[in-house]
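Across the two complexes that follow, chain A remains constant while its partner is chain B and subsequently chain C.
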Partner chain A sequence: MSSMLGKRAVSSFISLMVLIVLVFFLSRLTGDPAALYLPVDASEEMRQNFREIHGLNDPVLVQFGHYLADLVRFDFGDSLRKARPALEVVLEAFTWTLELALITMALVTAAAIALGSLAAFNIGSPLDRIASLLSLIGASAPDFWIAIVGIVLFSVSLGWLPTSGTGSVWHWILPISVLFIRPFGLILQVVRGSMITALGSAYVKTARAKGVKNRPIIFVHTLRNAMLPVITVIGDQAAALLNGAVVVETIFGFPGVGKLMIDSILQRDFNVILAAIMVTALAIFVMNLLIDIAYALLDPRIRT
Partner chain B sequence: MAEHLLEVRDLSVRFHTARGVVNAVNGISWHLDRGETLAILGESGSGKSVSASAIMNLIDCPPGEITSGQILFEGRDLLTLGGEARREINGRRIAMIFQDPLSHLNPVYPVGWQIAEAGMAHGESRHDAYARTLELMRRVGIPEPDAAMKKYPHQFSGGQRQRLMIAMALVLKPDILIADEPTTALDVTVQAEVLSLLEELQEETGMGLLLITHDLGVVAEAADRAVVMQGGRIVETGTPRELYHNAQHPYTRKLLAAAPGKGAMRQADERPAPILQVRGLTKSYGAFTALKCADFDLRAGETLAVVGESGSGKSTVARLILRLEEASGGEALWKGEDLLKKSHRQMAPLRRQLQMVFQDPTQSLAPHMSVFEIISEAWAIHRDILPKARWRARVTELLEQVGLQPEHADRYPHQFSGGQRQRIAIARALALEPELIICDEAVSALDVSIQAQVIDLLGRLRDELGIAFIFIAHDLPVVRDFADRVLVMQKGEIVEQGPVTEIFERPRELYTQRLLAAGLDADPDVQAGRRAARLALAG
Partner chain C sequence: MKYITALAGLLLASTAMSPAFAQDNHDVTVVLAEEADVIEPCMATRSNIGRIVLQNISETLTELDVRGDKGLMPRLAESWEMAGDNTWRFHLREGVKFSDGSDFDAEDVKHSFERAGSDQITCEISRYYEGIDITPKVVDAHTIDFTTEPAQPILPLLLSLLTIVPSETPLEFTRNPIGTGPYMLAEWNPGQDIKLARRDDYWGEAPAVTGATYLFRTDAAVRAAMVQTGEADIAPSISATDATDPEMDFSYPNSETTYLRIDQNVAPLGDKRVREALNLALDREAFIGTILAEGTQIATAINVPTTLGWNPDVTAWPYDPDKARALLAEAKADGVPVETTISLIGRTGNFPGATEVFEAIQGMLTDVGFNIDLQMVEVAEHEQYYSKPYVEDRPILVGAQHDNSRGDPVFSMYFKYHSEGRQSGINDPKVDELIETATAATGEERSALWSELFAYLHDDVVADVLLFHMVGHARVGGRVDFTPTIATNSSLQLSEIGFK
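And now, the complex of A and B:
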């Protein structure tokens, strides 16, 4: 178990290194920040000066060397746009995203598991049909459209909820609801399928022959086995949210890491892009580790 | 008329499937008394397990439908009782164990909890249930029961898992135990132990035992009475002796005739020169040695059986010779050339001389390829054998040779029965005109009557084409009928080898004697002798 986690850590570190190299050089390809940050009529001298200050005149490889040296000290440099340490800017945004992702995924997981299990146990019933329909709609709904319709309906027409920004509990409702839909649809489908397989398995037959009641058969015998494939999907969906729900964050003016990344790319704020990618990559690494641990906790065959 | 403990009257069950209605059982009736062992004997598809599922309320309706009948337990008809009343009976009054205990135990919970749950589900306190679990685990012979309670199913052997299932069934001292093919997946020696355990427990508790099986030997060993089922109907009922000596129904007679181990044994021909000489063949996985210094010869046209329990290394021999795995040491001289030293490129032309037929044809035939493609694929690889224009004709020929029809060439594996699939696998092996075919448990998964047909086919091919066989099997009666020489393996070593008559009539090693005594015979009188021999050897 610990050796498996060790191997995971090493391979994740290597992917992180590759990621740093790729992102550093690719972001350099987007163009010269001096062209964006200085007035259109800035003199060549001013541009040179700007490049000199930010080390943009050095050969790219030298820039990369400096960058790596700083990274080791957790120094991602300053944001060009905000003139603050890039890491600080990113962590601020990431906190918002993390909260949004955690709340959404907790709700999604609870709802999908409850409804999916019941649907699987009452296969073919009206409840099962409704669950399947919901999951199909959820999995295929375009979030940007739902977001806009949501604003029009609940904020503009009914005036119940704020259109965008943060500040109160009410501000969270629309973004969470919109982000909820797709993972809910997908996970519901996986829970239902996986539960149907597990309910048809031989050990459930044994439990029925033992005289175990229905509720423990569903929630004790079957659910834990059925959770194994579900956890993988939950992980994937959570990773997507951690990366920053770009569209939803932009529409709701939510100051998360997705919105920050888009803004930074558009404004060639290299240090922030890199810091944001490193932070989300690290978060996804941690989450994969948690999934591995959850797997091992649920399935003794992995542990022993 | 005295009331029976359990009586099934005129039960009919059908299933609504995509391919229409299937009548699983049609108006069957049987009864079971206290302290009695009733066997339901039948081949796959005979409906032998359906009445047990109906008793345990395990038939899902739909797609199942119970169209007629009664199941009387202590005068009450189970089929008219409500769900909660039936749950009360399951586990407490009537318990059931199954074939393949690995999949029937929940993989993610400790076995101690799973056994105790049988008590707790019926209102026993946690403390009592665990105390009883410990007692039962000791009773069924699980070593170190305290520690074993906390282990998970995958940490036990097949025989131990079945013992755990038995313990689970006995927590509440049921009146009836239903055992559905309880020993089918187990080694012969383990099978004999599990059957004796069931018998002892039955004597202690006086429960009625319903034994569902396809194995005439199990009936001869354990049953007081047996019902024979075919196509959802009971064709005959009687004691094992009556059935064996005086079978009335043609189907029972056919089953008895198909039971292997009755024909004349072959006389090994010592004259031909060896085509395969194996010396010091060894395979280790890390510190574990799967095969230690195996030495044996195979003569041209000879059938060499390799027998032993699971884990004895018998399949490893085959995999090493065919280079499906790399040996750790030794040599395998095929007509004087060491197969183990060949590069993969040098091995390719030799592979057509050495073919293999696996145990499970469902897995060894590619599901998306037609029979024609499966058989002719070999000619696409070894291009010099046959020009493409003749492929179709040759496939037809091969199919006829293995007893299939020419029109089967364009069907897919899933459209065939298990026996037919194994014939396809044999035709595929024959396509390369091999000199040696290695059969790894090639008939183990087949019903007795189908098994007999496939063995007949292999025997015919041996006589007509002079093919040599290495026949890996755990089923001794089949080996007795088919082999020239036998190699007995235990824990990676060859403990004894010799002509089939020697091994079966004058076994030298204690292990071979045990193995032979553990094998079950369809004749209850022979079986009684075996049983005595087994007890003598164990004592």
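And now, the complex of A and C:
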């Protein structure tokens, strides 16, 4: 198992390195930060001065050298726009994203596994049909639309929940509900399909023939075997959430890393872009490792 | 069960703290579109920062009256006069204290000016002082002279933009702005909110608002909903489509003018008949009340009508597609390549409905025989077309917005129309001369020169395709008494807010 994890870690590390190089050069290709940061009628002198202060006049390779050296020390420099350390800005935003992603994924996983298993066990029943319908709606509904409709319905018309923001527990309900819907739909489908396959397998038939009851069949025999594809999908969905839920963050005014990244790209705030990409890449790297471990624990064949 | 009780308790406790239930005091909540990246007084000309800082935390020597017709009013300066040809003398208010307790004096003004222009930080307000050599000199604790080269007739107006900071303020962006204004920064939770608190030791009359919370929501519909539900009191900018409630929603001239900038260096745009045809081909009336909000005005100048020297005798171009076609035919007969494809560059999200407006313009121009290729680009790319050095491999019309609510055309004219201007598409010696003379002139003469220039640009040069003076929309909750003005686009004085 450790050699498998070692291999995975090395390959992830290489992709991280490629990412570092790509990010630097791609972001430099897209435009001059001085043109964007300064007002349109700023003089050439102001622009020149701005480039000088921020080291944008150096040759690109020299800038790349500085960037690598700073990266090793985990120093991303200051945000051009916010005049404070880029890493601090990113970690602040990432904390919100992480909380949002963890809570959402925990709820999604629990709900999708419970409902998916029950549906698979009772194929064709009303419960199964409702679950399939729900998952189809969930997987295909546009989240910006759900978010706005949610605000109009629950905040403006009914007055139950605040429209947006972060002040209290109530503020989390709408964003989490909106984020919940899509992964829930997807994972529910995968759980159901995977469980149906497992329930039709030879070992379940054997167990039934031996007179094992329904509950142990679901929870002891099939669930563990059916979980492998489910974990992959959970990993994918969680990675998407860790990248920031841009739509939800934008609409609900949640200060997460997705919106920060988009804003920084539009403003060519290089240091923040780099710090944000590194932090999220590292988080996804760690999460992939966790998924590999979970895989190995569930399936002894992988451990070699 | 224990957990459920605890959770219920938590929820109840949070309900009590939520803003919707806590408004029986005189604090207000303002919801803005974009978070302030810094709360730096020398960046107050940027609207998301200015709406928080300007005249709330930091004050200026003079202030332009946008609610009445008093013109330039005293603020931290009590009076000012010319003291010699090139020198303005300002008499400062006495007994004013900064929020850190220190006294306000002439040294602070000198430092604020020098700091704004320092090459160690990129302060945005300093761009208004470029091209003029200004030297501040402290006469005594409450008198300061500004000597300029060349003479600067509107220096007192220029100083309505200079936010005053204490002389100890370092030459780097501060995170703790200290000012003389009626409010001070109380709390700043990046990404979430900014809170101001009223000062007890403010020199002027105490305003009714005791404190303000600024929230940031990108989505205009959410901002409008927040005022509707009482989560916020004022949303200074919502979209026209959300401004549906006449009880709460106001429209105000937002001082932005939309226009198509023409680079006359590239054929066929150097031909005046072609430029006239561009103007005659557009049915400007048709946009108002349809794609653009009711209240939008047709522009005859790059500056809004409240600007000094704005010329009421200039009339907008009529919609006359037949004449446009005739002009194009005439130009073509003279060998002007009128069929060349002209790029129309628009900026995505420049204003609500921007894409639709540029598509309609493309349609109308095509209708009279132009060959228009519309490209909607994002801000960084747009800037590459908008400012010099221009892309000159093909004829280009740049659709853009210009904002000048400062009351004088000087902030627009040089860089939009002078042959050296960074965003000028023309090269006309008479225009250059008029701009230079008007910039140095005072009083009636100044106003007359600007008027002459406005007419000359519109009727004789046909410098650009002027389109509209735009309106913005604000939503104001029932609890507060506030009327937006042209200044609401760049500032939001808490002292102008009352309660019903």
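Rule of thumb we're sticking to: the second predicted complex is superposed on the first by the 303 of 304 C-alpha atoms of A that agree within 3 Å, B and C clash if a C-alpha of one lies under 4 Å from a C-alpha of the other, contacts with A are read in each partner's own complex, and residues count from 1 in each chain.
Definition applied: a residue touches a chain if its C-beta (ideal position, glycine included) is under 8 Å from a C-beta of that chain, and two chains touch if they have at least 3 such contacts.
Predicted, not measured: the structure shown is a model, and the values here were computed from it.
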Fit or clash - chain C, chain B, common chain A: fit
Chain B versus chain C as contact partner of A:299, first or second or both or neither: first
Touched partner set for A:50, first chain B, second chain C, both or neither: second
Which of chain B and chain C A:213 touches, first, second, both or neither: first
Partner chain(s) touched by A:139 [first = chain B, second = chain C, both, neither]: neither
A:225 touches, of chain B and chain C: first, second, both or neither? first
First (chain B), second (chain C), both or neither touched by A:203: first
Partner contacting more residues of chain A (chain B vs chain C): C
Chain B versus chain C - smallest C-alpha distance in the overlay, whole Å: 33
Set of chain A residues, in rising order, touched by both chain B and chain C: none
Residue ranges of chain A touching chain C (in the complex, touch as defined): 30-32, 35-43, 45-46, 49-50, 53, 79, 81-84, 89, 92-93, 96, 148, 151-152, 155-156, 159, 162-171, 250-253, 255, 259, 266, 268
Complex contact set, residues of chain B against chain A: 56-58, 87-92, 95-96, 98, 100, 103-110, 117-118, 121-122, 152, 154-155, 165, 168
In the complex, chain A residues that touch chain B: 201-203, 205-213, 216, 221, 224-225, 298-301, 304
List of chain C residues in touch with chain A within their complex: 10-11, 14-15, 17-20, 37-38, 40, 45-46, 119-120, 122, 124, 126-127, 130, 172-173, 175, 190-192, 215-219, 221-222, 225-226, 228-229, 231, 378-381, 383-384, 386-387, 415, 422-423
